[in-house]
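Chain IDs A, B and C follow the sequence of writing; residue 1 opens each chain.
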Amino acid sequence: MEYPRHLKGKDLITTQEWDKKDLDIVLDVAREFKENRFNHPLSKSLLNKSFFMFFYNPSVRTRQSFEVAATELGGHALFLEPKSMRLKTEKTAGETVEDAANVMSQYAVGLGIRILEDAIPYYGAGDNLLREYAKYGNIPVVSMAHDKYHPCQGLADIMGLQNHLGKDLKGKKVLLTWAKGALVRSWSSVQEFLLIASRFGMEVTLAHPEGYDLDPEVIANVKKNAEENGVDFKITHDVKEGYEGVQVVYSRNWMSPNAYRDGKLQKEEEREKALKFKEWICDEEKWKLTDNALFIHPMPVDRGSEVTDEIASSKNSIIYEIAGNRLHVQKAVMALTMGDF
Amino acid sequence: MEYPRHLKGKDLITTQEWDKKDLDIVLDVAREFKENRFNHPLSKSLLNKSFFMFFYNPSVRTRQSFEVAATELGGHALFLEPKSMRLKTEKTAGETVEDAANVMSQYAVGLGIRILEDAIPYYGAGDNLLREYAKYGNIPVVSMAHDKYHPCQGLADIMGLQNHLGKDLKGKKVLLTWAKGALVRSWSSVQEFLLIASRFGMEVTLAHPEGYDLDPEVIANVKKNAEENGVDFKITHDVKEGYEGVQVVYSRNWMSPNAYRDGKLQKEEEREKALKFKEWICDEEKWKLTDNALFIHPMPVDRGSEVTDEIASSKNSIIYEIAGNRLHVQKAVMALTMGDF
Amino acid sequence: MEYPRHLKGKDLITTQEWDKKDLDIVLDVAREFKENRFNHPLSKSLLNKSFFMFFYNPSVRTRQSFEVAATELGGHALFLEPKSMRLKTEKTAGETVEDAANVMSQYAVGLGIRILEDAIPYYGAGDNLLREYAKYGNIPVVSMAHDKYHPCQGLADIMGLQNHLGKDLKGKKVLLTWAKGALVRSWSSVQEFLLIASRFGMEVTLAHPEGYDLDPEVIANVKKNAEENGVDFKITHDVKEGYEGVQVVYSRNWMSPNAYRDGKLQKEEEREKALKFKEWICDEEKWKLTDNALFIHPMPVDRGSEVTDEIASSKNSIIYEIAGNRLHVQKAVMALTMGDF
């Protein structure tokens, strides 16, 4: 079989910036990898090649799926913590991103970056950094979750939904609802989901208490996506009504737009604020309103806050399957953008 | 040659929970790997597959032997420090072991866990955690040393003794003696050795000052093993008498049963206590009582405290050979429990 | 093609201790790797074998090039931070280097060590440690930059210069000049360059302010090298005159001979001292004196202090090419000293 070569060298900062037909290609290849994990025609596409993973935040989970992805393509992923890199800032001597990116391009076939939460001084700073690396280096940059987007999570979510609801998701109803919790979570996964779900024609309802608005630029794009697909996109501040008749529920905590102040994340303040919304949990009572929905979540799940134990462990919950999809979609992205085949 | 497949998927928490004949299989395969390190029929059994290593404590040594083992089987070992994983505890929000184990099972073919000393609040907590991962995940869990056991060290010890004393160790005499030192060492290696040595029919003498008893449950199992093999198991508090006529001496410091208090390891207190027993060192004078014994130790050796330099570096010392065996037995365990062949 | 086997097992602490003809072999093989990065006859020389990297200092850059080198030879490099190894010191219990090196030799085919700056109590301590590992272990030790030398950087520099000035560097003029800056850099790269450049017959001028002398033992060797090649070696304290008519400029900050006191690096003091020499930057005015020189630097470059942005990014700057050479020369060194072929 022939695999398309036009994605070679392409950055993946958000799925919103890729053509829909290219996302379809990634999902098709990911499904092949799921069926044929170790003997796929692209299984050697990274043979003896190196993928650099820059973790500005510590992470165990995301590292697992990316490092395993490189391994299963015959390559190697380096776990790098750039806090030990002396990068030039306004105040300190060090290396420019231009230099760092140019040198890396001598060694690696791709660069993954994760930058979230307390590694950034304000929302958007992580996204800027990814785009700077993408600009100066000549190897593809892929987001491994950053403050704005999480493209591989979005692809894994869609792959899971397509598996259960059929490849054509047009008109399928999904609720993305804010949930209480002490973890002060970033906007990356939920924003990516809103974008890709509306892109694939799903009818999305976004529910959150007042004061938990997401990035207006993202919301504008979601509206545009929905319009282009001729479907609705609703926002509600009611804790319950969004559950009505949906086929999918995605319940997740996220920080407020005021989370960053004075150049840092106000974690304690956000935690206190979020814990006040005691009703904002995905529970049995609300669940009854759904159309026997699937429960999805990018994990780790905060059981007892974001969702009850019963729903998270029910047969309707496809959270482990979606976590598994992370591996398959990332292999597809890496093979197609960085691989030799 | 055909290799047995019934070990696939099996956890290894302690050798005591494996059939003796399965330990024999592991040792046979380990000997083959020692002879034929890179071109063994099982050398590709982990090809492009990932083994997760969870280090709750930092470690350089154990990591070396496990990461090299995975590499030599064609696979890759990920060095993961779960302190950066937000696990749910009684007091903090985070992920359950159920969720973490289920996700890992999507990516890895096996999970190694090391948890010792100051990473646990009380003796037994590490063992509980391993068993929780083993319960929820569907990939084999192997101990890379935890508070109670250290199965791969025990197998490496036996492999070394068999090499020098013959494959049948029945009736061979071994002294396992406590030694002074400032390192406040865990019970894992010595308890595993008592279990596996008695399992293989060795006549074991355990020597330690009063106040340094090991886990009563382990001691009961050692007695049972000895009885089943019709050999003696003796405990003495005399620093010298255990040396009389033995073919093997294993001298090693360990903490007292009072080492944990108020949810943590009382390191300073243990250090002071242990340093008072000035005579408890394996030295020339005591050595003369042995039957030209082999000196063994799981390393790192605390020279000058646990043993004299002369004995540790003598031709009777097989400590480096046993350290090398760690690699071979771990390759055998990983190939047989996690491999594809 | 046949590759020479006499380098197998050889340590690389500094190029000065290798025969010139063996350095030529390394450079030839490195050029082959540059041409043929993934399908070279030696591309499997480390297949399934493990290279240990000991980083006493955190590093992102050096790790990249060594870890990628092992990967491209079919092997695996372990990133190890020995600060978590309990080594015996005068004051603390722990393992001897003899024991650590002997055990490592059971697992790995080679050992790289990086030890610089604040990881050492005095200049020379790092070099001593490398030589101790080399003495006790039976696998080759390669410096990944230590307080005295940086052989792979030196080889990468020469490879870059040969590419632009021709393979015979005899009589080519190079200026190595000290530069201001806040980074308090070690002597390793510049000392290695002085040695290897004079070894290859280049006419070297060393320029620095008074008070920034390098290691007298190294300077004596540079003189000897120059004499043997019948070329000049000059030292000047004038900021400008060394630029006159040279084909290569290497501008780099380094610490003074008084940087270590009371068992540690006096970083603040050095920083203040270095920043006073405002004229010591490679800039356009001085550049005009050169013979349209190449600009080289081991990176990371401190732009605005060591060199102007314009020169560092000019077409005469070959800093990225040399950074790329690091990979190729390290592959050559590892294949020839540690590989199976």
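Criterion: contacts are C-beta pairs under 8 Å (C-beta built on N, C-alpha and C of every residue); 3 or more make two chains touch, one makes a residue touch a chain.
Only a predicted model underlies this, so the values are computations on that prediction, with no experimental measurement involved.
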Fitting on CA atoms only, what is the rotation between the copies chain B and chain C? Please report it in degrees, nearest 5.
120
Since chain A and chain B are copies that touch, is their contact same (over half of the numbers shared) or different (under half)?
different
Using mean C-alpha positions as chain centres, tell me how far chain A is from chain B in Å, no decimals.
41
For chain C, what residues touch not just one other chain but two or more?
76, 79
Which residues of chain C touch chain A once you look at their complex with the stated criterion?
38, 43, 58-61, 63-65, 67-68, 71-74, 76, 79, 181-183, 299-303, 305, 313, 319-320, 323-324, 327
Tell me, which parts of chain B touch chain A in their complex?
47-50, 52, 75-76, 78-82, 84-86, 88, 92-96, 98-100, 102-104, 106-108
